[in-house]
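Structure in structure tokens, see below.
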């Protein structure tokens, strides 16, 4: 009845079903589709050049708004947004300063801080693991926030961190993820946090196999292995995607940058029926306290990317 | 004392876990290469096997049915390799490269078409996976023991049986085998099929034993490492096994080395540690194993008009 | 009973056979496509339309073609010397590092007409250097290039991630990428270049690097068939003992062949970084190095054939993306499968249609 | 009623693509006799025998073994019918022991242990019976060529063959070894084994066979009882015209020393001494022949002199340039000095099978004018050059554009010779000038070599054919185990003494 929007999504490398980042967006899109019955088209690029191509192709066809998922699309979007000033774009994880672009960023370090607290409280050995994808600043931000959370809850706890690899396969190598996690368990770790895309699936599986605790990332991954999933660090890309489309549909869409932290509900920790047995009331109380302190500004979580260092 | 023991135990277990697919692939590759058929396609066979293994296990609910499917999938590619290189005398390296690329693409295409999860299979649970037999912390599933067994078995077949003698002969001088009234083609097909069998087991290990489901490109270069192990071992089973263990150990150490500070240098870059197995392979290939002599007829199609 | 087999006439060998091989590959793909529930003819129509349907898609097709020409030539030059260079991927990566470093260091001081040739030379130099190590190991230490170049792909990747994360990253950047190149380090895009002479085409990633690719084709052709070094290189490829007999030093010839090969692969970096991204990014070789094997095989390792094969692969890459746009179940990996099948049918199974063709031609002529 | 012949071939036909190799050949091999087959290169002898042995499938015709029709689909059928073959190129696995080679294909069970033990016993028996001694545990690669041939014969006997085919068995043997071979063949004949002997050496046909078939261009053109024929007639039947078996040439006009070798030694990476303190002198206008069983360092000597390998110690001087371990030289520089080299193995070294004939015709000279000018190769110049060479040396077919591998062996040899002689070299090294080449082509090549000697070239010929050395060389050196063990002037040499020197038994 109304002049419906024609939304589109260009996913990041890794694909729609990576169980975390892209899949989060996809969940938001599905929710929008289910609610409004408006069809959404999407595209999974094979290489970086196709970002620009896909964005332009969607814009040419009159799709609007268009979500570009992931930081790597920024340069392409910068060009395309200028070419199509009447099309609305939303980019996730990066800022593109254009009048028709909405940029959504997340304070992953804040969310990671909280799951760090949870990890430190749940750990009996005082040794806590982290498995990252590739050694890039974004992943360092996760690790750094996590480490601060751990130290906050247990200054004596020790962090064991591993990166998976150096090729794009690093985001997609569950076997190696599992092996890294087992290596950390062998060294005494009993909680591990995976921030490695699809590789994380192997990490979570390894924890299940060994009866250790694991923390998921981006989407709520608690359901994957009830009983060994301590929690998940939620990065609400689903919300970002959903809201972008929804706002466009309602006519309230606005350009500009938004940084979503704990305060804005952009990041969070997950507590649901799958992990409620693992989170004792004391733990929940401490985590919630930390969360409140971060929101109020009493605790400032250092952002690795502000100075490329974790202090 | 106890700690030392458990440290050693865990390192051995980690080494074996990583080395298992390498060992299986290396033994498979050994059969193929001894018969004169170079197999760069180990990677692709393993990948295809991993996919079909996981897919079948998840649909059928039985890990062993998955293992069987994995072997069938690897054998199909082995037959393709044989068809191209033995029957049609194609270039063996090219055929191997093609198989790798096809496997990388096809697993995802089929995975998408069947499961609509971006090329992954559903996660395997319970009986859909092979679990540890004796030591839960070690991850010693049945295929690990099969891999350990495959080494003496390979040695025995190659050194002590009629088939092994002919296999060695056909890799050195196929003409002599032909002139002795033995079919070169059939011998080589059997070797290639044995290779498929072992590569299939390796693939099954990755997706239904060590892992729990298939993910795209999950072999991540292990087929090539197995190839390097064969060369290190100078085409002999036990030394090749040793090379696989070395790679496994290197990996176990590398995992522990990440983030460790070395006095004087500071923290070793993660990337250096990740590249270490490759660098070490090159380093050893270049200097320390001496010139490895491949079976003389390896890579050369047996061209004989009838 | 048995049809008499005669050797194929040259035209059938050079033209007909490769065409049939590619057709077989596509036939197989068609069956696969039908298996996953898509009408193959419809898919083919979308594929062709997507590849050459508009000036934009032609631009992208030619842009991919440029990369395939570089890596195809790289593989072919090594092939002619009897070497199998599987390291195009890593050489392209490091070649990109070379031109990127040159531009980052000098784009504030030099004008484009000096900087661009300089950076192109740097790409060739770095690519060649990355190929020189495996070449050296083969020539002097006897370790096989097939293994070492594969290993070097992994090492290149590790090195690049290290450099990008720790050294070259632009200050304040979210991701491992360098600062943007200055205008002097940018190779003009085709639509801009054409615009200045009054022709308007849709913008695409196509840039003037394609001229470099064509230049390389001509250069490789002249080098291989019209210079004494090319002669010696081919002699080594066909018969190393004869090359020694003819006075060729196999070690230096191995180095020369691999360095040329690596240099050509390095030009992928020029097209990608100076032509498109205008900064150093991670993972830009995106499989072009491996696809180069297919391109060289299909093109019979001849520059002219390589141009044709690269066009086909470029069209596939571009058309495949369009296809994935239109039909969600046709994922991008379909293109990978097609590449693999083309390698299989025009490489390893190249002789499959031969007996059949021979009988057919013999029947016709008798 | 006479017993059926051991083998009868009726109308055997074979094509390889467009080559009609064997055209309706019929012949009979009598039981307990030695049947010879002669014929020029490419006449189809080896092909015919490979068909009989099941290695090739025939396109037409019938094979009868002892009167029964016997289709030969694979060597397995031939072996089952009691046929054994010793091939022109040995079919031995180098890395295997003698015993392992022996049992290959006749292992006697899926496990090796039993078969190997039985074979060892059988080997001892055969060795004693026929005087064929070899060490069962020696690696074949470590055996001499003569010993390897013994293994081949043992293999055939081990399988209980009643019909033995030998394809050019004496090409690699010393006269003494050849004698022993023929004694063994005589013993076999006594025991009722039928033997087929293929050879280019008419003398052996005359000495050993009972009857002989002559083949030309895929057909049997004559059958003779050996007692009723002579070498001249056979040669004429083979080539289709009269052949001069004697080479006539004038006495040499010796000039200055062009090549002087002093204390030259070569040690390989395993420490084996391949060349041991070689001294020799080569003058303009003479042909020096080096005789010896192959594998006694001749190959390496030519390689060192041509600049392909550097000597370990000692030195040699070519046209004024001295080369030693410290001052190595490469083959290109050698050519610049005026040295030309026809390698022993034309397929492996002298040419590139996949190149056009015109490209092969400049191999080694490709970077010199007029072919290469300003670093650009001129294809028209190369083509014209090749056409001229083909004309001068009667290379057939005269197609510079044809792939080198598609020429027959004799014509390939002529092309290589033409290339090396075209530049009027000061020193010409020739390895095996006529190996496997037929009588007609031999005649031509020999005359060309003498011509260039007469034009003042210093020629060094290495050959395993004593006949060739004896008729071609003005001076003969004998090599054994890397040393020069004797030197004889032409006319003073005879085959017996040279043969003894070649085995190291006698020094001159």
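To keep things simple, chains are lettered A, B, C and D as they appear, and every chain counts its residues starting from 1.
Convention: a residue touches a chain if its C-beta (ideal position, glycine included) is under 8 Å from a C-beta of that chain, and two chains touch if they have at least 3 such contacts.
Just so we're clear, the structure is a prediction, and the values are computed from it rather than from any experiment.
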Pair joined by the larger number of C-beta contacts - A-B, B-C: B-C
Intercentroid distance (Cα basis), subunit C paired with subunit A, Å: 36
Gap in Å, rounded to a whole number, between the CA centres of subunit D and subunit A: 75
Between subunit B and subunit C, centroid-to-centroid distance (C-alpha), Å: 29
Sequence positions of subunit B contacting 2 or more other chains: 119, 271, 274-275
Subunit A: positions in contact with at least two other chains: 44, 135, 166
Touching two or more other chains - residues of subunit C: 154, 158, 161-162, 165, 331, 335
Arrangement of touching chains [line / ring / star / complete / other]: other
Chain pairs that touch, as defined at the top of this document: A-B, A-C, B-C, B-D, C-D
Residue ranges of subunit B in contact with subunit D within the complex: 160-166, 168-169, 172-173, 175-183, 296, 304-306
In the complex, subunit C residues that touch subunit A: 56, 60, 63, 154, 157-158, 160-162, 165, 169, 172-176, 203-205, 272, 276-279, 281, 283-284, 286-287, 317, 320-321, 324-325, 328, 331-332, 335
Residue numbers on subunit C that touch subunit D, as the complex places them: 2, 4-7, 222, 225-232, 234-235, 238-239, 241-242, 244-247, 249
Subunit D residues within the subunit C interface of the complex: 15, 17-18, 59, 306-308, 330-335, 341, 343, 348-355, 359, 362-364, 366-367, 371-372, 375-377, 379
Contact footprint of subunit B on subunit C as seen in their complex: 32, 35-37, 84, 86, 137, 141-144, 146-148, 150-152, 154-155, 158-159, 161-162, 165-166, 290, 293-294, 297, 329, 331, 333-341, 343-344, 347-352
